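Next come the structures, one after another.
Both complexes shown next keep chain A, but they swap its partner, so chain B is in the first and chain C is in the second.
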Partner chain A sequence: MILPTKHLSQDRAILTVGARILQHLSQAKTISSLWEELPRNSAGRSDAPQLRYDAFVLALDLLFMIGAIEVQEGLLTKRKVPV
Partner chain B sequence: MDLKQAYYELRFENAFRSTKGDAFQTFFEKLMGLVYKADFMACRPWGNQGDRKNDGFLKSERRLFQVYAPNEMEAAKAIDKITEDFAGAMVHWGHDFDKWVFAHNAVDGLPPHVQALILKLEKDNSGIKLEPWGLEEFRLIFRKISEDDLAAWFGPVPSEQTKLELGFGDLQIVLERVADHPVVPNQQVKDVPMRKIEANALSESVATLLKAGMAKAPLVADFFNRWHDETFGERVAVAFRNKYQELRGKSGPDQIFSDLESWAGGAERGTPKHQLAVLAVLAYYFDSCDIFEEPRGVTP
Partner chain C sequence: MIHRIFSSLETFKGLEFKTGLNVLIAQKEDGATDKQTRNRAGKTSLVEIIHFLTGADAGKDSLCRSTALSEQTFGMELDVGGERIKVSRSGKEKSKIEVGGGSFLGGKTRLTNSEWVDVLGEKMFGLHTIEEDSGRAPTFRSLFAYFVRRQLSGAFTTPEKQAAMQQAGDYQVALLFLLGLDWKIASDWQKVRDREKTLKELKTAAGTGAFGSIIGKASDLRTELTVAEARLSALKAQIASFRILPQYDELEAEVNRLTRETKELLNSNTIDKATVGDLQKAIQSETPPSLTELEGIYAEAGIVLPGVAIKRYEEVKSFHESVVRNRRDYLTGELEAVQARITSRERTKASLDARRAEVMNILQSHGALEQFVQLQGEAGRLEAEVESLRQRFESAEQLEGSKNELEIERNRLTLRLRRDFSEQKDRLSEAILAFEETSKGLYESAGSMTIEETSNGPVFQFPMQGSRSKGIKNMQIFCFDMMLMRLCAKRGIGPGFLVHDSHLFDGVDGRQVISALQVGAKTAKELGVQYIVTMNEDDAFKEKIEGFDLKDYMLPVVLTDAKEDGGLFGFRF
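Showing the complex of A and B:
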């Protein structure tokens, strides 16, 4: 369920949810505030199913495992990639 | 071929192929009785006198039937059967029939020695025509059955009106039923689209049924997309694929389709709406290549 498949739309793939999370991490946030701020539906798709909290957590796990985010003193931030 | 005809012909063909022995004789008598009513006289064994080599008689056509449907057609046994039964029929009913039918369910055709014997007996018995009847001959008979009798025999058929009435709830029930089947973890589901019915040697009847289901197949995709569990569509796909793999090689393509239909829809025959929901699910997974083979030359 990380990548979209024939039976899992791109909007609901964990990788896509992770990308949406990164878009909302322009500054350090707590997990709860990030969850509150994150739109529950995909952009332009009011009929799409709402994002579930467990999918949100799975997306955070993925982002953490690939080194895209880090946690510092209870706050989530994007990890800076050296140029 | 319209949806109704396709639906019933597929059921007829599956029943024809899967019934053997005494069950086939019962099937034959039901078919002939529904079409010809009192003109067809079924003949049951009577005590120690047997059936006197008569499994049924079509009075108006002076046609006598001998039914033979073993589990496996063997040339030697078939030859003995024809020789004995034809001779017996001539003794007991020789003045009553002009046509003697050897009714069999060997869908792949009769062995050459059997065909030769039938030709020889016809040559040796002037005035008597010998006819081997198989699936295609009985299919023509089947097409004469009235709609009421078809519905009584095989149940109601999904109609064009049913297609319009199919709703989300119907699919949900079918899908949940399918999802309850155990699946093998970590099994890959092919990603290659498979659209050609011909590549799987599926009949026109199945093609028509799939076409009917295809009209509502987008509802299936929509269902998966809305369902709270985003992995549901994949899990059902794996369940379908496992079932298809289990059935593949055991029977012909149409029988596999029918088995998948029964498996997805449950053992008991449902309402036409339910049947069409099942067809919609089958069409969805047929289109997504999770069931049946992709045609040669299609690259992933």
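Showing the complex of A and C:
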């Protein structure tokens, strides 16, 4: 699920979705505003399947799990990478 | 008049003629047996020689070309145009005529046969004054044959014909000319007859199919023409209302594009509608997705992302729960978004449909330039067909209508003839009286001649008692010829002689024979012309008339068939 497999395209792999989420998280955002801003279809391709909300949640879970994001007072932020 | 007839043949009995009546007798010798005959003595041959020397066609069967005579030259001295001319011709070189004397020949001694005929026609009948005419005109040969009737052509059947085969047009032209009437009417009549004949043949041809496919029946053609004309006018109307659209091709391309886009929109909508279904199902189920998925990811992360520090599961779980708290709101939002997309597509599709309908409408009411050109070509082809049909129809109608036209022409000619007859009443009565006078000299109840204006031209009739008898018919011919002679002499035309073969007197009562000869002699003397007759001796002397001795008119040469050398040629062949 995390990585693309034979039955899961790269676009829909959770890791890829997570990366896209990170790109849009240059500043702190609420979950809802992030969902609104995130382009629903990847790479501008109209025929590709839309990003589902459930998949979005799982991608956030993964990012949190690995410590890429954190929640502070209802806002999601990218975690600074320790130097 | 004829002065002399001679030949290079030594045994030929040269003949010399005087003015007035000349009688050539074929004698029955005392020594001749009953089986011998005066036939073949040369009486008819004399007539043949005269014709031969006046430009007759000398066919293979003609006397002067027979093997016995073809090497010989025959000659005649006669008056032409008041001058004495010597003419000779041989069967071997039948187209070369030797002439001598006559200032009008300009010193020429050799003429072709047709030149000779032209000279004779000019001098004897004044034919050179006849202007060129497309129809029949009197010719020397057709006129001359009335004065020297040939038994071989069947000249002794009816008075008005000099040959049994002579066509109505020919003798009508010749006789009207000789009587001094308007022969052009008869010529025009012949034109009508010729046209009728052609028309009849053409009609038969058209009827039997030889020309049927080319001309056809007027009634059929009228239908065909009407149908074709209607088709043409319909096509012309179509062309007149044709609107050319220069950008026809572009619009056609646009319609294709619109159709394709509409199809794409429909496809996208189908996919989105499925999503809507999924979302609605997800919203209806109150429970959020179980944590099993999260657990799966958590487990997987440890495996696929080694070396990455992973938070404790409890922390992740509480984060997850905080995120999914508003799941229902988000799902609803997503649903609305999808539905909005579908609605927007529907709108786009509707506008595309409208545009497509509009363009289609234009394409239907207008046409491309190529189409217009094609229609015009079709119209041109149809127009040519209509024109050809119209011409065929006109000729067919003309063909069917010519008959009436010719009937009208005949009636017109009848009127013209009647008018001519009433204008030339004196000439006509002169002819009738001349005939009657001669007839009176022969019979107690005189025969008469009538010339009737019929729809087939002038018809000559000779009502006479017992006119079915061969003898009386022959005497009608005699009277007719005398009449012609008299009229021509009065008008200063004609050959100046009349030759009657012994056949004319076949079956004629002896009293009439001698009366005829007496009348002939008297007439010839009165008119100053020559009358040459060939006779059998026993016919000639059957009866006698007071004050008329036939012996006075006999030629010194007498023919007989009792001996080998008794005939005209002096030998038998």
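Remarks
Assume the second predicted complex is superposed on the first by the 82 of 83 C-alpha atoms of A that agree within 3 Å, B and C clash if a C-alpha of one lies under 4 Å from a C-alpha of the other, contacts with A are read in each partner's own complex, and residues count from 1 in each chain.
Throughout what follows, a residue touches a chain if its C-beta (ideal position, glycine included) is under 8 Å from a C-beta of that chain, and two chains touch if they have at least 3 such contacts.
Only a predicted model underlies this, so the values are computations on that prediction, with no experimental measurement involved.
Overlay on chain A: chain B and chain C fit together in the combined arrangement.
In the superposition on chain A, A:L38 makes contact with neither chain B nor chain C. After superposing the two complexes on chain A, the angle subtended at the C-alpha centre of chain A by the centres of chain B and chain C comes to 60 degrees, rounded to the nearest 10.
Ranked by how many residues of chain A each touches, chain B and chain C are led by C. Using the contact criterion defined above for the overlaid structures, shared-chain residue A:A28 touches neither chain B nor chain C, since it reaches no partner. In the superposed model, A:T5 makes contact with chain B only, not with chain C. Judged by the touch definition given at the top, the superposed model places A:V57 against chain C, while chain B stays out of reach.
Judged by the touch definition given at the top, the superposed model places A:V71 against chain C, while chain B stays out of reach. With chain A used as the common frame, the shortest Cα distance separating chain B from chain C works out to 7 Å.
Note: residues 1, 47 of chain A belong to the chain B contact set and to the chain C contact set alike, using the contact criterion stated above. Chain contact summary for the complex, chain A toward chain B: residues 1, 5-9, 12, 47-49, 52, 55. Residues 1-3, 14, 31-32, 35, 40, 46-47, 50, 53-54, 57-58, 60-62, 64-67, 71 of chain A are the ones that touch chain C when the two sit in their complex. Listing the residues of chain C that touch chain A in their complex gives 268, 275, 282, 289, 293-294, 296-298, 300-301, 304-305, 308-311, 315-316, 319-320, 322-324, 326-327, 329-331, 333-334, 337-338.
Within the complex, the chain B residues that touch chain A are 189, 191, 221, 224-228, 230-231, 233-234, 236-237, 288, 290.
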